[in-house]
Amino acid sequence: MRFGFTEDQLLFQSTLRDFLAKECPPATIRALWESETGHDAALWTKLSALGVPGLLVPEAHDGLGRDEIDLALLLEEAGRAALCGPIVSTAAIGAPLLAEIPAPALRERWLPRVASGEARIAVGLPGLRFVSDAGDATLLLLPHADEVHALAPDAVQLVREPASDPARRIFTVSFTASSATRVAAGEDARRALATAFDRAALAAAAQAIGVADRLVDMTCAYARERRQFDVPIGSFQAVKHMLAGVSVRLEYARPAVHRAAWSVARGLAARSTHVSHAKLAATAAARLAARVALQVHGAIGYTWEQDLHLWLRRAWSLDLDAGGEGHHRARVANAVLADGARVGPGETFAGEA
Amino acid sequence: MDLSYTDAQQRFRAEARTWLSANVPHAPLPSFDTREGFEAHRAWERKLNAGGWAMVSWPREYGGRGANLLEWLVFEEEYYRAGAPKRVNQNGLFLLGPTIMEYGTPEQRARFLPKIASSDEVWCQGWSEPNAGSDMAAIQATAIRDGDRYVINGQKTWASRGAFAHWTFGMFRTDPASERHRGLTFVLVPLDAKGVTVRPIAQLDGETGFAEIFFDDVSVPVANRLGDEGKGWNVAMATAGFERGLMLRSPARFQHTAARLVGLYRENEATCDPALRDEVVACWMDAEAYALETYRTVSRLLGGGKIGAEASLNKIFWSELDLRMHETALRILGDRADLLAEAPSATGTDDWLDGWLFSLSGPIYAGTNEIQRNVIAERILGLPRS
Amino acid sequence: MRFGFTEDQLLFQSTLRDFLAKECPPATIRALWESETGHDAALWTKLSALGVPGLLVPEAHDGLGRDEIDLALLLEEAGRAALCGPIVSTAAIGAPLLAEIPAPALRERWLPRVASGEARIAVGLPGLRFVSDAGDATLLLLPHADEVHALAPDAVQLVREPASDPARRIFTVSFTASSATRVAAGEDARRALATAFDRAALAAAAQAIGVADRLVDMTCAYARERRQFDVPIGSFQAVKHMLAGVSVRLEYARPAVHRAAWSVARGLAARSTHVSHAKLAATAAARLAARVALQVHGAIGYTWEQDLHLWLRRAWSLDLDAGGEGHHRARVANAVLADGARVGPGETFAGEA
Amino acid sequence: MDLSYTDAQQRFRAEARTWLSANVPHAPLPSFDTREGFEAHRAWERKLNAGGWAMVSWPREYGGRGANLLEWLVFEEEYYRAGAPKRVNQNGLFLLGPTIMEYGTPEQRARFLPKIASSDEVWCQGWSEPNAGSDMAAIQATAIRDGDRYVINGQKTWASRGAFAHWTFGMFRTDPASERHRGLTFVLVPLDAKGVTVRPIAQLDGETGFAEIFFDDVSVPVANRLGDEGKGWNVAMATAGFERGLMLRSPARFQHTAARLVGLYRENEATCDPALRDEVVACWMDAEAYALETYRTVSRLLGGGKIGAEASLNKIFWSELDLRMHETALRILGDRADLLAEAPSATGTDDWLDGWLFSLSGPIYAGTNEIQRNVIAERILGLPRS
């Protein structure tokens, strides 16, 4: 029992943090917003050199062969940089889904190209209306009935759905399913899609933690600098207590996300409950952080030119990705209120054995 | 206590309803934070004024119809019920207008009020400065007396509608040696004056909702001063009272939103999170409470009462309610909540997203809610100053 | 249209306030707590001299013949004094129910005795488990199926249910219904009981306003006096903003209660919706006031000897009287979400005509 | 990251479970804020200590079993799971004990710790004074050195369990000329000493949960001082860290409440407000989050980390959670929520009412949550002092 990361994992995280601080400043995010595809080939090449796209790709396919615990750290850093796009759709969802479905030829063909940064995968998930990052994907994995279908970009019809968060590139996707496009069916497909959904929700949760961290940091920095009534506004108890309230919710969301990552990595039975808890807690913390950040910044935070809204928009839109509050709350409720549910002290890690 | 309308009030309502139903544009106007929308909204204001409905509570000589505040509430109800456009000149109509009525000379009333009513002159407020936000007494922009003129220098910011407005009103330091709320004077400045530079600022929604205004030796006649020299703080506080208090945010606005929220919930009841039912109902009750409290206040004012620090209660209540209603609407919309209007799947999402972005500014503008809580604590509850 | 009280009503209220401040100080409330019946004959005699028990009794039966608007003012003052008992059960609920049911002989016999202070009435309400103040009533009006039955104290079995709020004297009541005890049936009984329920909920709401007012006053007084860190604690923004938050909720609950009183007095169709809104808003404001009052007082407020808890307990228990949150929320929801519900601007007073 | 228990930890859990299941009293003990209940709880503590379970993380020489903090968490889980009694000597076990371990001399450890473990000596804290609540540095009670003794005068208050406890620990001003947090010394005082008067104070629930303690020329040996003279603030801060931090409120306590809340909801699901379902689930998640964060903290401490200002985060989180869980339970109980245990209709209401009344004190004791928010803002977030 050790609830914490290895030196190696922490080094991986700080390397990413430094890399993104340097290579992915707000100006880059704004350029991605303005771009046609929301994807920056140069940045992706550099991320690929770090192994990011292939983080969850088995080493046999030229990936790093890491698990969802490393993934959570990666995505916290992505959130901290307000970066999304293929770092989520490909590295966090597409690659591991591809690795899981029983289609060896497909894996052989695509996984090395994911790891090299050459291919980007967009994934449709059961129950979700939109597909993220479909506009720039080289491969689409899409659900149809209880099957998974693999499609080339020219075999699908995409309709872009512009959103308030320009980083959220979502599409309505239609395609003709056939036996030629089917790559998994039945229980295999159901299991793979369910795990992919959990990974998507975990990805949103982990990003939300990074987003909330960054919002707190930016807002504290502003509150230390900005003076009114001849003192820094951060010396007012109203400001202090709002920010302290964010910290409380954030610091108790963080371990829920890390635990969910562990549960997905180990394929635990309670995985979905843990993921839903993590998503609810992390996106709620991020939303609260956004609310307080904007209130403390005041009018300056309400402008397009100030960078704050890069993270505000992420905090708001992560909540909408990979299942909303109601869906995740119902998943936890169904588990916790079920007959024979084991919910008391000593049960938290009882399923790990 | 008598909570029924008089026949005269009913007739007034019927008249307003008839006129609005015949005249309100069928299609929504473009946003008034674009040049095109700004002019479309001015055209609507001119039509409204021609019908005598621009500001029903003003005297007829200034373009009103001499209605009392209760009738004004009734008119607002009909206005929102009709789905009529937003008021592009709200700063002129609801803030500056009442201030000129109270502090202006007869010449100033005659000069300014009719053009406010007609929106021939659209106003923005010029109060905030980069270093004077919540701390409005930290104003640094100066208006130095030079004979029968003031020469203005400095910078104002967060002027809503500033990008397209014709005039601004604000406080300037006429005594450069003064500190805090002393030595400030309330001055009206035409934005086409020599030395004025307006820099539009893009908002969260991408539109240029507000502007910075730079003053470089801008000369205005002393006749543009409202109230006495050095007494600008008192004049401004009266204006702020109007803003936070009765006029700027009439209950009808929020009741209209609440009714739309009820409709949205009913449309999406089968698919949305069932927990939202209670939220929708709570929002409706709060909108109703805001109306009840406003009728109570208006009854008190008609009986000779004054509006005071309790305007700070209003500000907090409506701004939190507006935010909560829009958040609830977005939660009902679920994964479609942040679709822009042009998104193919945005049918039925109406303008909830834009409304929500605007509602986020509610706890900030017109004096942050933190400042209002200080006011409530100190001036209503009698707690000691820090 | 005038949303406010007459001079006469305001005088009535201030007279009551002065009277209760003098005749019903905390020591009296504590003595009522300790007493066998929760009823103080001497105080009741004085209240009777003011006309309180017969406030809603028609003048023809020696009452004051006032309506629920005056009643709301009375009960705000009762709340401010932490007084309940027959001022609620008899004056607010029992007397007007008796006046409404079509049983002239019963009215003739009991209403003058209510007005004189000689009789006290306990009322059972449909859907409610307990009957308040049954232990000291001279007459009980109890529901049975869709009927109202009138019973003498010796014809019912009472079981006292001790509660954390010693002012809350509640009983489980059983009795044998017969044609001899029946005083109303069918639509008459249903309508009378429904109105009685609304009056009971209105009574709780009006008391809650008075309770919250008093809690705010006491807490502000304490915050002005109590010093820590060399300043009055009321100068801390944390304390200020908590109390300002209470004021906001309280000042928007107050007019909802006054409007509900008007609607009950006029028998408006929307009466039940208005009453439920009032009860929800007023008890929520009182609960918030209690929460903040205790937090600002700190440990001293947590003691039995400090008077604060006289009002804390009322704030907590009024929420439980006359239907809980869920019941009242459902009533409002059913009205607001109904087909054809008129809920927009201009509809607030549309039903008064 | 490894979230599975070792075999040794599993065996430890099994051993604790077996012992507790054989020894935990079948019927609840009377409240430890009554004389009878106090002694019944002491008897239970003696049994616990005889089994070696009083304080598993202490060294064996002081009555513990040398377990590490992870095992302590496991023990707490089993303790609450077994429904074992509250810890009457929690101030001694969880606050003073660790402080003596850190600041005490070998003699003090040998003298005090075993009697804490056995509850032969039950402790209350003597920190607050009438004028030193949130502002603990305003302490006025004095302990004036006289040779090898301190002579103590003054008053302490809000001493939980003070009505029946044997000893108190607290800060006293040893330098009468000193101000604020300087010149304070941490002293242990037997409550049967000459000159000590204990006045029980009745709480909201009517029980004498706390007491005032008056000191009138009370003489104690210098050996009763913990840490250096004048350094009491540092010693006390360490104690406060234990209180707010790990020990006083182990996650098992709240997970036990959350599990009971889940059960209560399931029993009443058919009749209670459906909105409560979400509340119950939210409470369960927060209790789970508190456990997760505690395991994370313990892992960090076992790796050599220290507990610092983040203990203030804990304090706010568990106190708000505890309140919310009990409020939710009362809302589930509806009109039976405030029935006393002896009420005939109180079946199935368990002790939720008492638990709720106690939970109300959570945001107040161990440093108000307002003070904790200041600490978080200043020491974790780096915001400037006021």
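The letters A, B, C and D name the chains in turn, as written, and every chain counts its residues from 1.
Please note the rule applied: a contact is a pair of C-beta atoms (placed from the backbone, for glycine too) under 8 Å apart; a residue touches a chain by one contact, two chains touch by 3 or more.
What you are looking at is a predicted structure, and each value in this text was computed from that prediction instead of being measured.
Taking the CA centroid of chain A as reference, the farthest chain centroid is that of C. When the C-beta contacts at B-C and at A-B are tallied, the pair with the greater total is B-C. Chain A and chain D have Cα centroids separated by 39 Å.
In whole angstrom, the spacing between the mean C-alpha positions of chain A and chain C is 52.
Contacts with at least two other chains are made by residues 274-275, 278, 370, 373 of chain D. Residues of chain A in contact with two or more other chains: 236-239, 241, 329.
Residues of chain D that touch chain B in their complex: 274-275, 278.
Chain contact summary for the complex, chain B toward chain C: residues 1-6, 9-10, 13, 70, 74, 76-78, 80-81, 251-253, 255-256, 258-259, 262, 265-266, 277-278, 280-281, 284-286, 288-293, 295-296, 298-300, 302-303, 310, 313, 316-317, 320, 370, 372-374, 376-378, 380-386. Interface of chain A with chain C (complex): residues 236-238, 241.
Listed in rising order, the residues of chain C touching chain D in the complex are 128-130, 159-165, 168, 172, 227-229, 233, 236, 238-239, 294-295, 298-299, 302-305, 309, 312, 316-317, 320-321, 324-326, 329. The part of chain C that touches chain B in the complex is made up of residues 1-6, 9, 69, 216, 220, 223-224, 231-232, 234-237, 239-241, 243-245, 247-248, 251-256, 258-259, 261-262, 277, 280-281, 329, 332-333, 336-337, 341, 343-349, 352-353.
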